[in-house]
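The structures considered in this document are given below.
First subunit A sits with subunit B, and in the next complex the same chain sits with subunit C.
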Partner chain A sequence: MKNKIFLIAFCLMGYFAFAQEADDIVGVWEPGHGKAKVKIDKIDDKYYGKIVWLKEAKDPETGEPKVDKNNPDESMQNVPLRGYRILKDFVYQGDGVWEEGTIYDPENGTTYSCVINMKDENAMEIRGYVGVKTFGRSDTWRRLTMKKK
Partner chain B sequence: MNIKFKLSGCLAFLMLLMTTSCSVETEKHVITTPVLDLKAVGPLFEGSNTSTATWEFTLKELFPEIEGEIILEKAKITSINIQPKSGIDYPKIGKMVMEMKSKYSSMNRIGLLETNIQTDKSYDLQVADAQEEVDVAINDERITFVGDFDMLQEDFYEDVVFNLQVTFEIETRK
Partner chain C sequence: MKHNYHIPYLLALFFVSIFTTAAQEEEEEEDYSKYDNFELEDDTPVKRYAKPTISGMSPQKFIGISFDAQMPYRYEFSNVLFPESSGTGFDVDEEDPTINEKGTVKSTGGFRFNTNIPIISKSSFVWQSGINFMDTRYDVVEAPISPRTPILLPNGNEARSLGKILNEDGLRNLNWTNTFFFPLNETEFIVFQGQLDLSGNYALDSFQPLSTVKYSAAAVYGRRINDYYRWGIGVSRTYRVGNLNYVPVIMFDWTSKNRKWGTEILFPARAYLRYNISKNSLLLAGFDLEGQSYHIDEYSVNGNSYEIRRGEVRPKLEFQTKISGYIWASVQAGYRMDWSYDADELADSTDFFRGFFGNQEFGMINNLENPLFFNVGLNFVSP
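Coming up: the complex of A and B.
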């Protein structure tokens, strides 16, 4: 009986540790180019990131807030870029890796497959690719509010 | 010439046969969700804030007249309506973008509202032309709607809740 309780407690501890690790990605992050800030949240059981700040919030041509003018769906080209969900559907795989997600590049209106690797508590590597992970591009994002140790 | 004519006739017949044998007879249904609470938990701050609503159902509930297996052939969203609840304080709110997801479907954008929201009005969002995986989401029997709205004032310390209703046009196999 004692063994069973110990086993259940051990499994529960493992589960909570895994969930805690998965949530390490939650927070506000800055891509390498420094032109935006992206807030990553959990919705249901997956992770999503949206733009919460833009260095150039207004379109220099129109003087209006920037919108998703390169979206292949014309009916959605007026969606504002501030608040735009560019990271979608990430699932935690363990060992500081989130996969099965996508990243959207508003500069060309293209969505790429994406994998995220946590390098340390305040830095992560984001790799966008088409088809095979080998042929992709990586960027290092830094956490904006440093996590307290 | 005669052989050519016969050959093209045979080819046309074959193509017609293939088309008719591959097409499936379907039945159209218009399904509207109950009024859902699209809720953003406060405190909220200036800029983009996220509100969510979950709709849980069973295919049997949606299509009680269908006996046996329910097979969805096509599904699309035809309208999305939001309305602030009466008697509740709201902050100043600008544009809203609506997305939806389910267990086996990605988060997909389904609608956009381009005007500022007034508390005494009801709004129909512009529905996205390109809709993906709506049938997958219906098959999952649990859909989460995600509304990102732009808050125009500095901060707001209460929850913000809208009434949300979404209408689907669904084709099932006969």
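Coming up: the complex of A and C.
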């Protein structure tokens, strides 16, 4: 009986540790170019990231908040970029890797397959690619936290 | 009583709908201003890097296959002389060489296979590598086998005329290119490119000596001013005009704010004016400078390498359009303008630099008419 309890406890600990690791990605991150901040949340069992801040929030041509004007879907071209979900459907695979997701680049209106590797608790490598991972590009995103007052 | 079974269900639905509505409102009404106060958790200074491209440029080709075809043209080939083996050649200023062979090439062309695969692609460093193969077949009519005087090698043996060699063997180029992009900071970058070429009338099952491999290189320092403009200057060691040459390189890539117009210039290799018809198609007008030094095995004696210095300028119009996904088609049409088709005999297969002022004698002085050319291709591109 004790052995069974120990086994169940061990499995539960493993499960919670895995879940905790999976949530390491949750938070606010800054892409390498520093022009935006992206907040990653967990929704159901998947991870999503949306733009929450833009260095240049307004379109210099129109003076209005920037919209997703490069989206190939014309009905989306007036959607504001702030609040736009650019990371979708990531699933934790273990060992600090999130896969099966996509990343959207508003600069060219293209959605890429994407894999995320946690480098350390405050940095992750995010790679968008086409077809196979060879045809892609990596960027390092860094964790942001609220300024201490 | 029967209806009572529905009450928990309705209550659950009610709470779920309240929760969902609340969640939506929370998302819609999120106070984004609080993110102004977010800063890096790790305060190590962040180094930002220039991107390796600018907005609006034609898509980069990862893998491409194309067919290139030139319309008929006439050619004039001089005697075949051997400046190194026999001590006789054409003076560098020769303007009226003895014509030994005239003919018409009914068609010239073949398949081209190009790759440019990212090996490492990070913000701080990009390394791309590609194998390229270009097959040029000649269909020579009229007098490919009857030059005025037979082609005699220094050892007294008779050889095929150049027209006959081209007609029967064609020319091939196998190339390996490596490109390295080093961003120094958010604005400055350095591009280094190295190439190895094996060019000649070899067959795929019998390569020519590897001592005939040519290497080219280019280094460019550039500044990416903003998302719409970058420039660069550099130097290159190139065979694009056929002969070995050292030339300055100028990069000038620009896109208008409405992303309709632009330039893609890496002079002297290529220079285009670009018009983006839509996100999925564009038009380029400009020129390419193509060339290599082709080893002719039959004329290469005494350990020397006899090489056709093929260089051509190709003013052209090019239309590129998306077929589906990341597959794009390209269609080119323009003139193939002969820059050089002369020949040199390289002592011990070692190349030399003639430049504008060298006086090394030529082995052949040849002329080609300038025909129209067409090129159609399919490419797997980077978005």
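One rule holds for everything that comes next: the second predicted complex is superposed on the first by the 145 of 149 C-alpha atoms of A that agree within 3 Å, B and C clash if a C-alpha of one lies under 4 Å from a C-alpha of the other, contacts with A are read in each partner's own complex, and residues count from 1 in each chain.
The criterion applied here is as follows: contacts are C-beta pairs under 8 Å (C-beta built on N, C-alpha and C of every residue); 3 or more make two chains touch, one makes a residue touch a chain.
Treat the numbers as computed from the prediction; the structure is a model and nothing was measured.
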First (subunit B), second (subunit C), both or neither touched by A:97: neither
Partner chain in contact with A:52 - subunit B first, subunit C second, else both or neither: both
Touched partner set for A:122, first subunit B, second subunit C, both or neither: second
Subunit B versus subunit C as contact partner of A:137, first or second or both or neither: second
First (subunit B), second (subunit C), both or neither touched by A:112: second
Greater subunit A contact set [subunit C / subunit B]: C
Partner chain(s) touched by A:78 [first = subunit B, second = subunit C, both, neither]: first
Subunit B versus subunit C as contact partner of A:37, first or second or both or neither: second
Shared subunit A surface residues [contacts with subunit B and with subunit C]: 52-53, 72, 82-83
Partner subunit C, residues of subunit A touching it in the complex: 28, 30, 32-34, 37, 39, 52-53, 61, 70, 72, 82-83, 105, 107-110, 112, 122-123, 130-131, 134-140, 142-147
Parts of subunit C lying in touch with subunit A, wherever the complex brings them together: 27, 30, 32, 34-42, 46, 48-49, 51, 55, 62, 117-118, 121-123, 126, 227, 257, 279, 326, 380, 382-383
Subunit A residues within the subunit B interface of the complex: 41, 43-44, 46, 48, 50-53, 72-76, 78-80, 82-85, 88-89, 102
Contact footprint of subunit A on subunit B as seen in their complex: 47-48, 50, 52, 95, 97, 99, 101, 106-107, 109, 112, 114, 126-130, 144, 146, 148, 150
